[in-house]
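Multiple structures follow.
In the two complexes below, subunit A is the common chain; its partner is subunit B in one and subunit C in the other.
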Partner chain A sequence: MNKKQSMLFGLVRGAAAILIALLVTTLLIFICADTPDGASFGAAFSAKLTQTGGALRQLLIGPAFRSNGSISTKNLSDVLASMIPTIFTGLATCVMFSANQFNLGAEGGIMLGAFAGALGAIYLDLPAGILPVVCVLIAAAAVGAMMLIPAVLKAKLGVSEMVNSLMLNYVVMYLIKYLLNTHLADKSKGQVQSYPFQADAAIPQLIDNGSKLSWGFIVALVFVVLTTLFMYRTRWGYAIRMIGINQDFAMYSGMKVGGIVILSQVLGGVLAGMGGGIEMLGRYTAFSWSALPGYGWTGITVAILAGNNPAFVPFAAFFMAYLDKGCNLMSTYSGVPAQLIDIIQALIFLFFAAEQFLSRYRQHLVVRNTQEELAQKAAQAEGSVK
Partner chain B sequence: MTEEYVVQMKGITKVYPNGIAANQGVDLNVRKGEIHALMGENGAGKSTLMKMLFGLEQPTSGEIWVNGEKVNLTSPTVAIAKGVGMVHQHFMLVPSLTVAENMVLGMVPKKSGLFIDSGKAIEITKEYAEKFNLHVDPTARVCDIPVGMKQKVEILKALVRGAKILILDEPTAVLTTQETTELFKELMSLKEQGYTIIFISHKLAEIMQITDRMTILRGGRSMGVYETKDESPEKISRLMVGRDVVLKVEKGKAQPGESVLRVRDLEYINEWGKKMLDKVSFDLRQGEILGIAGVEGNGQKELVDMLFHLNTPNAGSVEVNGASVLGQSQRKIREMGVSLVPEDRMLYGIADSGTIEENLISDRCGTKRLNKGPLFDMKAIHNECDQLIEDYTVLCKSGAQQVKMLSGGNIQKVVVAREFSNNPKLIIADQPTRGIDVGATEFIRRKLVELSRSGVAVLLVSADLNEVMELSDSLIVMYGGRISAYFEDTSDLSDEVMGEYMLGLKQQAPEEVGRVCHE
Partner chain C sequence: MLLERIFTTDFFFSVLRITAPILFATLGAVIGEKAGISNIGLEGIMMISALFGSLTAYWTGSWATGVLLALLVGVIVALLMGFFSFNLKTDIILTGVAVNMIGSGGTLFLVKVITQATEGSALASTTSLITKNLQVPAVNIPLLKDIPILGDILSGHSVLTYLAFFLVFITWVLLYKTPLGLNIRSVGENPNAAASVGVSVLRVKYIAIGLSGAMAGLGGAYMSMYYAMGWSLDMVAGRGFIALAAQAMGAGEPFGSMVAALIFGLAQALGIKVSSLGADSNLVSPIPYLVTILGLVVFALVGRSRAKQRHSAAALQAAAAK
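And now, the complex of A and B:
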């Protein structure tokens, strides 16, 4: 299979996965749709049908268009804004998974990053231009340091980074909740939250329409480029990928495996932490998260959809954000339970992750391609004989 | 007359998911009660064809008939039910179970429906061993028995399951000469009892000796069926490779210089308490090829591991140009000028889903000439890799192709290209040509000689007797973790003499062995 064909196959496969997921979703929406009390079967059926149609419209085109057909800037900017944290967690996961390190700590990482950034925004006394930058750097450093725990334990003692980082998420969450409830709470407020951030700490908005689409979005895209460069154009990124493919080979080739294992996870932590800091300072004015935000889990989905290639992360993140927004709109305007989003996401994910999905079609392509090549070769050989 | 044939494969084509057409329109007809050879170079498609007959792979197109009945072999279970059994090149036995337990695996006789009836299992094993004259020890654990016996267990396993057609995949590859002779006797007796045997091999002498007919494969296509007794080895060789292969490598006399590698009193006891290396001492000099011969499992693998610090010895020293290797990182050892062509190329030699380029630069990715500041100098990398691909005649579309898409010989060329091109002072070549085609073998052997004549010290570890005797300037034989013999000059050595030392029938005096330490 040549490059063009594998790309085509990837597209067809992706489209088919989405299509099948949508068909199942349609069926589920139809089942969930309300029926007017005491309506005849025919009336109930047509009511369900209209409801399903409306719900699907919200889901599929709601995030981009208004009902009159014009482009909905607000909804679109909402979608873009919600991509900011998942781009970062997606990148973080890409780097860690590329090294075959199944570190699931991006979730706790983004919360710790947000918290560290918030502390900086509340307590640091720095000039206006520098404050948000320093806060984000603190966030990145804090989570980089946090990832040292699973990374060093893995490299030195062979402890499973998956179990470790997973548990670490909850350690981090409860630690933050404890600090927030006891020492750092703004007692003048009715809910548990920190003191407000200094006004200078806020990351400026790109569009001021309440979507919270901040300059963080641009920073995220810059980091997509930087991470891609790092992974495919530097010796360290190369070492990370080689270790991910075959650790024994990397060791035998003279790479410092332990160091690279640590580097990949710390780097993942830095990216996740940065995402947390940017999300906090770009969207909120005080820290009030009381549970894990879920961006880390979405980041894992994003990384897998992107095939661990940082360059594809923004597309995967856009897809997830669009779907999320669509489901929210659907539950708001057409009475379909919002929990459906989890089912839809799971379905799409299932088909994407299923290696064997459409493998017969792929095999068919491969066979045809190989036979063409062989025929070509035979023709060439004949030509040279003549 | 179709009844004449017990196995018929008609127009078999197999295209793997990676696009490799392993078989193209292959026909195979096997008569009842014959020993039928399936010959060809590595990558010719022999194993693929047999995997389809044993139900491990399904053909892309074509038909398979067994005993005059068209069959759809979806799994080995189906194949076994049709009377087809296979003995794999790499044994499929559970090492920690006894021979008898392995024999009845999956069809265990039960006592009161719950407990394994080991008495019955031993009885079955004995009965079959007796019947087919394949003597095994039913109560020994598989990990403790020699390779030859493991093979017998594999054959018996197939027979117990009712196989009438036996596929043997390169059965002699792991056997000593004596074991091979024994195996052939057993195969002849099976043939007399009416069993049909399909014998996969690329060793001409064996084929001439034991088979009735042969089908020759080349590049995934059948080159025809031949009666063994009517053909000459030269003709078969031509059919197999399409040209006359001369595996004589011309090499001048060695001009050994200073000692590069100095090994003294190396000892290693493995995790099961077995002494794998026992006071091994030798020197390897510049411009010399020192061969290490021996039946596999006599300490060669352990020795190589120590030299590259993939493992740590219990005692002794290893020095390269006066600096100790023990306890150093592989990076440091490489910086000392040591290169290793590893025995298991898929495990250590390559990152299989990486590109050819990525595999070629793994040992030099940090060097100045391939980097511009923090970034890779992609142009320099492309240039260097294209040059290597050309110099080492790696058959590929481009350096961006995945390594696992290449054939075994070409994968080995990638490994060798990397290991030979970083100005090594010492090359450790561990089974450098195992399982690769004749063309690549010849190429790699020539390169080794060329490098040694330019002053590189070469340590050649090989289970292929022809290879070590042909290439080495001097040679040591390992048996039971010791050096059993040292030959300063290999030109007048005979196979018989080597065999005696390899099998431990003879052992040179310490003074004679000590001559390999050039102090």
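And now, the complex of A and C:
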């Protein structure tokens, strides 16, 4: 298969994965839809159909258009704003998974980053322009340091980075909850939260319509470019991808595998931490997260959809954010719970990551292609004989 | 004395109670890993089984049906994981991540749909559905219960708790004393070699992941029908992940992994006890997770020095032979 065909195949495959997920979604929504009491089977069926149609409309079109057909800037800016943390966790996951390091600590990482950024925003005494930058850097450094634990243990002792990073997520969550409930709690507030951030620490908004679309979005896009350049245009990025493809080969060709294993995970941590810090300072005025936010897991989906290529992360993040918003709208306007997003996400995820999904179709394409080429060659040969 | 207040018979009783669900999942991890399958979906399977187990118990009014269905659901989810990862070649770790996604948000969706609970998103649960008579019953073991101290610790547990520890033995028998076990181990060690002597690798892998899911299903039933009264969001709280660590610490052997699971149970029981004596629960809750990391490190260090010893012993022998 030539490049164009394999890209086409990739597209068809992606579309098929999404289509299957949407079909299952439709079925689930249909099952959830209420039936009027005492209605005949036919009436109940048609009532369910209309409800399903309405819910699907909210899910698929709601985030972009109002009910009268005009474009909804508020909903769209909500979608863009919610992409900020998942772009960062998506990038982090891309870097770590590219090196075949199944570190699942982006979830704890983004919470620690948010917390570290929040601490800076509350207690650091710095001039206005510098404060948010320093806070985000502190967040990045904190999570980079956190990732040293699974990374070094993996590189030096061969301990599974997956189990360790999962355990760290819980440790981080409980320690933050402890600090938030005791030493750092603002006791004057009814709910558990930290003292308010200094006004100077806030990351300025791009559009001031309540969507919380901050300059962090631009920073996220810049980091998409930087990460892509790093992964495909530097020697370290090459090394990271190489140990992901064939660790033994990388080792025998003289790469320091241990160092690269550590590098990839620390970089992932830095990206996740930065995302946490930016999300906190761009959206909130005090720290009040009491549970893991889930951005780390969405980040994994984003990375899978992007095929571990940082350049595709914003598109994947947009897609997930759009569906998430759609699910929220749907749960507001119809009785379908918003957690449907987790099922959709898992389905898309499974089919996208499935190497053999539609492999028969691929095989078919390859065979046809080869046959055509052979026929062409035969025709040419005949021509030259004559 | 503080120690006397902590290490009571009640405390050791609770260690066994807390260990049981981790042990179920650990056995699931052991069987999976023996066949070369890293099943990180144990966590999600436990959540899903916990939900369906508690719902079935409520509908049928029988705890036994609930437990059976939880087991069945565990097997079905695991076989689906198998389909995706063996037939469609999705990485098994990613398949596990997907199952865990369904296990956290997806179960909440199902609860809301099935029970029509609409109140605040985090509040939907089945805690009101499981009543005392639907709980997995506790049994007093005759003779044993009359022995002082030991009787207080070992008797009076639920049927499932005993089953968990009994399954350790069964798993060992399965893996080391049956043809199926031999096949599972050979597939895990070298699938090509197994295939070359006529073992159907795919079939063995499906059986292994199905058994692994059955264990996690029982663990889920334990969580929602004995450990807690009903299902609630994120109730499994990483036990499926801790099980993976226990498996690694036990070097993948049923009895070793049981000891590791007991250590985690002990750490968690200690945490609960200490917090009941007035320590901050947020400070003691991370203890089992920290113990897991420490345990893995210690295990790796021990394994390393042993390998070194063996290496130098072999070198010495070689030198002596010359």
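One rule holds in what follows: the second predicted complex is superposed on the first by the 372 of 386 C-alpha atoms of A that agree within 3 Å, B and C clash if a C-alpha of one lies under 4 Å from a C-alpha of the other, contacts with A are read in each partner's own complex, and residues count from 1 in each chain.
The working rule: a residue touches a chain if its C-beta (ideal position, glycine included) is under 8 Å from a C-beta of that chain, and two chains touch if they have at least 3 such contacts.
Owing to the predicted nature of the structure, the values given are computational and were not obtained by experimental measurement.
When both complexes are overlaid on subunit A, subunit B and subunit C end up sitting side by side without clashing. In the superposition on chain A, contact is made by A:Tyr238 with subunit B only, not with subunit C. In the superposed model, A:Trp215 lies in contact with neither subunit B nor subunit C. Once the two complexes are laid over each other on the shared chain, residue contacts for A:Thr182 go to subunit C alone; subunit B is not touched. Legend: residue contacts after superposition of the two complexes on their common chain; A:Tyr252 is shown touching subunit B, with no touch to subunit C.
Figure note: vertex subunit A, arms to subunit B and subunit C, all at CA centres after fitting on chain A; angle 70 degrees, rounded to a multiple of 10. In the superposition on chain A, A:Phe65 contacts neither subunit B nor subunit C. Between subunit B and subunit C, the partner in contact with more residues of subunit A is C.
Of the two partner chains placed around the shared chain by superposition, subunit C is the only one that A:Tyr174 touches, whereas subunit B remains out of contact. Once chain A of one complex is fitted onto chain A of the other, the partner contacts of A:Leu166 are limited to subunit C, with no touch recorded for subunit B. The gap separating subunit B from subunit C at its narrowest, counted between C-alpha atoms of the superposed chains, is 5 angstrom. Counting contacts as defined above, no subunit A residue meets subunit B in one complex and subunit C in the other.
Across the complex, subunit A is touched by residues 38, 40, 84, 87-91, 93-95, 97-102, 104-106, 108-109, 112-113, 118, 121, 237-238, 241-242, 244-245, 248, 280, 282-283, 285-286, 289-290, 292-293, 296-297, 300-301, 304 of subunit C. If you check the complex, the residues on subunit B that touch subunit A are 15-21, 24, 60, 308, 310, 329-331, 333-335, 340, 342, 347-354, 358, 361-363, 365-366, 371, 374-376, 378. The part of subunit A that touches subunit B in the complex is made up of residues 1, 229, 233-235, 238-239, 241-242, 245-246, 248-256, 359, 362-363, 366-367, 369-371, 374. On the side of subunit A, the complex with subunit C involves touching residues 28, 31-32, 102, 104, 149, 153, 157-160, 162-164, 166-168, 170-171, 174-175, 177-178, 181-182, 294, 297, 300-301, 304, 335-343, 345-347, 349-351, 353-357.
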